[in-house]
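Before I ask anything, let me first share the structure, which is written out below as structure tokens.
Lettered A, B, C and D in written order, each chain numbered from 1.
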Amino acid sequence: MIRSGTYWDLGLLVLMSIAVYYYMRKAGRGEKLPSIRDIPAVDAIYEGVGRSIELDKPVHFAMGASGGQLYSSLVSMTLAALMLLRHTVRCCAKLGARLIVHVPGQTESIPLVEGIVRDAYLEEGKPELFRREDLRYYGYSSTSFTQAISDSYARDGVGLNVCVGIWYTDCVMPLGAAAHYGAMNVGGTARWIMAYAFAMMTDYLLLASELYAAGAKVSGNPYMVASVASEDIGKYFVILIIIIGVILMALGVNMASIFAY
Amino acid sequence: MAEVFIKRDLPLALIFIIGILVIIEFFFPHPALSAIKAELGTWTVIIANVSIFLGLFYMSYAQYRMLQRQKTLSGYIYFITPFVALCLFFIGAAFPGYTSSPQYQWLYQNIYRAQVAMYVSLPLFYCYYAAYRAFRIRSIEALALMLGGLLYTFRQIPLFTYLCPPLHPIGEWVLLVPNVAGGRGAVICVALASIVVGLRTLVGKEVTTIEVR
Amino acid sequence: MSEKTIWDKIAEFDIRWIYLLTIILIVIPVVHPLGIPIRVSKPVKDFYKTIDELPPGSVVAVSFRGSLGLLDEQEAQFLALWKILFQRDLKVIFYSPTADGEIILDMHLGKKVRPEDYGKKYGIDYVRLGYAPIGEPGEAAFALDIRSIFPTDYKGTPLDEIPMMKNINSWKDIDLLIFQYTACTDVEIVIRQWVVPYNMTVLTMTLGCCGPMTAPYYPKMIKGFLSGSIAGAELEIIGGVPGPGAAMTDAKNLGIFGLIVSLILGNLAYWGRRLSKEGGE
Amino acid sequence: MSASFWEILGIWVAAFFTFSVLSFLWKDNPYFKFGQQFIVGVVVAHNILFAMKSVYDNAVIPIMTQGRWTLIIPIILGVLMYTRLHRDYAWASKYPTAVLVGTGTGVMVTGILRGQIIDQAKMTVLDVFKSSNPVDIFNGIIILIGVLTSISFFIFTKEHKGPLGISAKIGRIFLMISLGANWSGETVWYLTQMTGRVMFLWHDWIKRAILGIG
């Protein structure tokens, strides 16, 4: 028997599943997919890597002190950030820039982070560029994380600073310090509460759900790109239920009880 | 073939099975499923905690390589410092009470808390830095950001509401009306995107979980 | 080489002077308080009203997710809250899903606020269940069966042996939940695990930065909320319970001018340079 | 009551580390570097101690006292995480990762449907009809317009031109106001923390530890 009060949840999940299936099937058959609008921050990563080489400074990548959440409700953000990590590594490998990755505090995410970095170098045919010492770990605390990153900017220099993923207050100091040391900042988080810091301090911003779209876009994988189109189906659905809800409510229908299902 | 199955397909299948189990339990609660879900919850905590020494390894390795590059007195001091701190806290926890011992609590409060409290203050200055360096009112969006920020700031600082009482209800209105509208739209879109990532992961089409060797 | 204009000089101004100015502006009211009056906002009024209107003997659960490092922001809130709760005929249950929460309770409950001063006895009027790193699944389990998470209180006494806890087993026996947290997204935990399934009356206490994130749930799902030390000061005023919030809020009055100066200087430099360039052309 | 030796020493230690962090505002310097290296050690130690206790409480005790032998599996899975350190066996770390990601995905998908989508839509509808007070109705309509237009800003598969372009532009203004409110909330919070530190330095360090007052 279905749990009471979850009919809407199930309905929405089924709708989203159908949308994802539909677009992925299209991608599988090689059919034309809706194009995703430009996200300037994606191209900015490549440009920033080139800039770092010109300045002879390393590229820094961080996902946040709490950015390695694999078994919480923020796992999707971790996965999106890892996609952008893969893209950044490939850009660095292609152009020959040094990359320093500031590993999140959750130790359980380290194997995935190292795997992504190592494989991305391998994909570009330059496995020898992988250096484990450039995966820096500072414990699971935003205090140690932010201080150590800032120190690293000062010590190693910073040409491009990519901060994406799950960020709390820990984003302000790295973004500010990187700008202070002359870096180009690219970043964003889907945690709305902290998005302001990225809006104010980055040169190229990934605002809220743009992070996911960017992650899919840089993957170069048609299934990933296709699934972004299904997000939009969900958005149309939400817009529709809000408009219908307002109309019905104006007509005297008790929407509070209908939404309770 | 078998290698691909063990190294790639089986972990993907595991993600699918576990994820679907958790989802089914949510919609169709059954004591057996709930027990599995609760067990999985415990497992995740144990797995994460058992892996804790990976962090120590990576930290030590980066420290060691840093020392290799900088074999000076300051290099040695920076190399040894985290290990001294580590030992100090281990000693604190060796007293009866483990991490609740007065010795550990003393260290925790006076070292850790002092650093955390100060670290949370530093962004204040970076916000000022951003306001000075980057916050240019050159578009209507930038103006909206600044107005939203300043009006809510005035509401939070008694001096402003004392000098100009209408700032209080205006600031509260910003918080409870346009802020709610913008925030809600963003939260809904992020949630939809998360569901898509989740579904993609479950069906084994999320590149991060497939391609890692 | 062209000479530097006033706008160039403003644009290249060393920001560290503003840092120093800010620190001085914070120090002044700490040393000499300004005593500027504080106005009580609607979410705080609703917060107080919800507690004030509870019938005598109601059970209040306090989920205490404090953080030691962030104590400055929330100390005033919870000291005022405890005083208000102990002034009334209520049964209060404290539990800590964070280790720091328990340390703060150890530090302050019985020291800065003494229940016995209000005639309250441990085990009769209030109980501390202790610390358990329960997370969101644990919060759900707690709502269903308190004893599944906390079989004993913080001293190890079985809950069944504590008179106050005899008939308190689950959400059904709790009249009000006060949810104190420091990670802004934790507000979703209380919505998902208490409000949505049980329509529980909930109040929240959080940092100033989390106010905008809590606002979308107020007043329908969250009846009232405190965000930041200013809300603590407002609760002190409306509840008539003096505490550290007023001094803390007072001391913030001048420090914010650093921000305003930064904004003005930055925009002056930008617009000055731009307009003078356009004028020159 | 005069403060004890340990209390005073604690204040000095706390002041030492407070200034170490603060000194970064001036520039990167050896004092800051020392404090930074120290705190990394502190945090790693703290994490290890709590993780060990958690494994003991959640795995070792239940295995020993309740005979819950299934809990050996997550311990083994946790150990498999270390295979990442050896290139030939690194693939084995995919198993524990799969358990974590699978659980996380399930929890995420089910957790956000109601609270972050359906209830948000519900509240947007109900806000318009909150009361018959014209101000409330006006506010409700503003929220309604803001939510609809800000969602339209995040539509990725259509170019932001024509009506969608106008809607996205309005939505962006609402998003910016919300970002501004968040920025303000955070800035004032940082200011509180800074004030708290100044109060600590004035009342505890200068007055109590140095001058011996209070």
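Here is the rule we go by: a contact is a pair of C-beta atoms (placed from the backbone, for glycine too) under 8 Å apart; a residue touches a chain by one contact, two chains touch by 3 or more.
Since this is a predicted model, take the numbers as computed values, not measurements.
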| item | value |
| --- | --- |
| Chain whose average C-alpha position is farthest from subunit B's own | C |
| Chain pair whose interface holds the most contacting C-beta pairs | B-D |
| CA centroid of subunit C to CA centroid of subunit D, Å | 15 |
| Cα-centroid distance, subunit A relative to subunit C, in whole angstrom | 30 |
| Centroid spacing, where centroids are CA-atom means, of subunit B and subunit D in whole angstrom | 4 |
| Distance between chain centroids, defined by C-alpha means - subunit A, subunit B (Å) | 13 |
| For subunit D, residues that touch 2 or more chains besides their own | 21, 24-25, 33, 35, 39-40, 42-44, 46-47, 50, 54, 81, 84, 90, 94, 96-97, 100-101, 103-105, 107-114, 116-117, 119-121, 123-124, 126, 144, 147-148, 151, 154, 175-176, 178-183, 185-189, 191, 193-194, 196-197 |
| Where subunit C touches two or more other chains, by residue | 19, 22, 69-72, 99, 136, 188, 196, 208-213, 216, 228, 230, 252, 255-256, 259 |
| Residue list for subunit B, restricted to those that touch at least two other chains | 23, 26-27, 41, 44, 47-48, 51-55, 59, 99, 108-109, 112-113, 115-117, 119-120, 122-125, 127, 129, 131, 133-135, 145-146, 149, 152-153, 156-157, 175-176, 179-180, 183-184, 186-190, 192, 194-195, 198-199, 201, 209, 212-213 |
| Category of the chain touch graph - line, ring, star, complete, other | complete |
| Touching residues (chain side subunit C, partner subunit D) in the complex | 16, 19, 22-23, 26-27, 30-31, 70-73, 99, 133, 136, 188, 191-192, 196, 207-213, 216-217, 220-221, 227-230, 247-248, 251-252, 255-256, 259 |
| Touch list for subunit D against partner subunit B, complex | 6, 10-11, 13-15, 17-18, 20-22, 24-25, 30, 33-35, 37-55, 58-59, 70-71, 73-75, 77-79, 81-82, 84-85, 90-91, 94-110, 112-113, 116-117, 120-121, 123-124, 139, 142-151, 153-154, 171-191, 193-194, 196-197, 200 |
| Residues of subunit C defined as touching subunit A within the complex | 69, 136, 183-185, 188, 196-197, 209-210, 212-213 |
| Subunit D contact footprint on subunit B (complex, rising order) | 6-8, 10-12, 14-23, 26-27, 39-57, 59, 74, 77-78, 81-90, 93, 98-99, 106-115, 117-125, 127, 140-142, 144-153, 156-157, 173-192, 194-195, 198-199, 201-202, 209, 212-213 |
| Interface residues, subunit D side, partner subunit A - complex | 21, 24, 28, 32-33, 35-36, 39-40, 42-44, 46-47, 81, 83-84, 90, 93-94, 96-97, 100-101, 103-105, 107-114, 117-119, 121-122, 124-126, 128-129, 144, 147-148, 151-152, 154-160, 175-176, 178-180, 182-183, 186 |
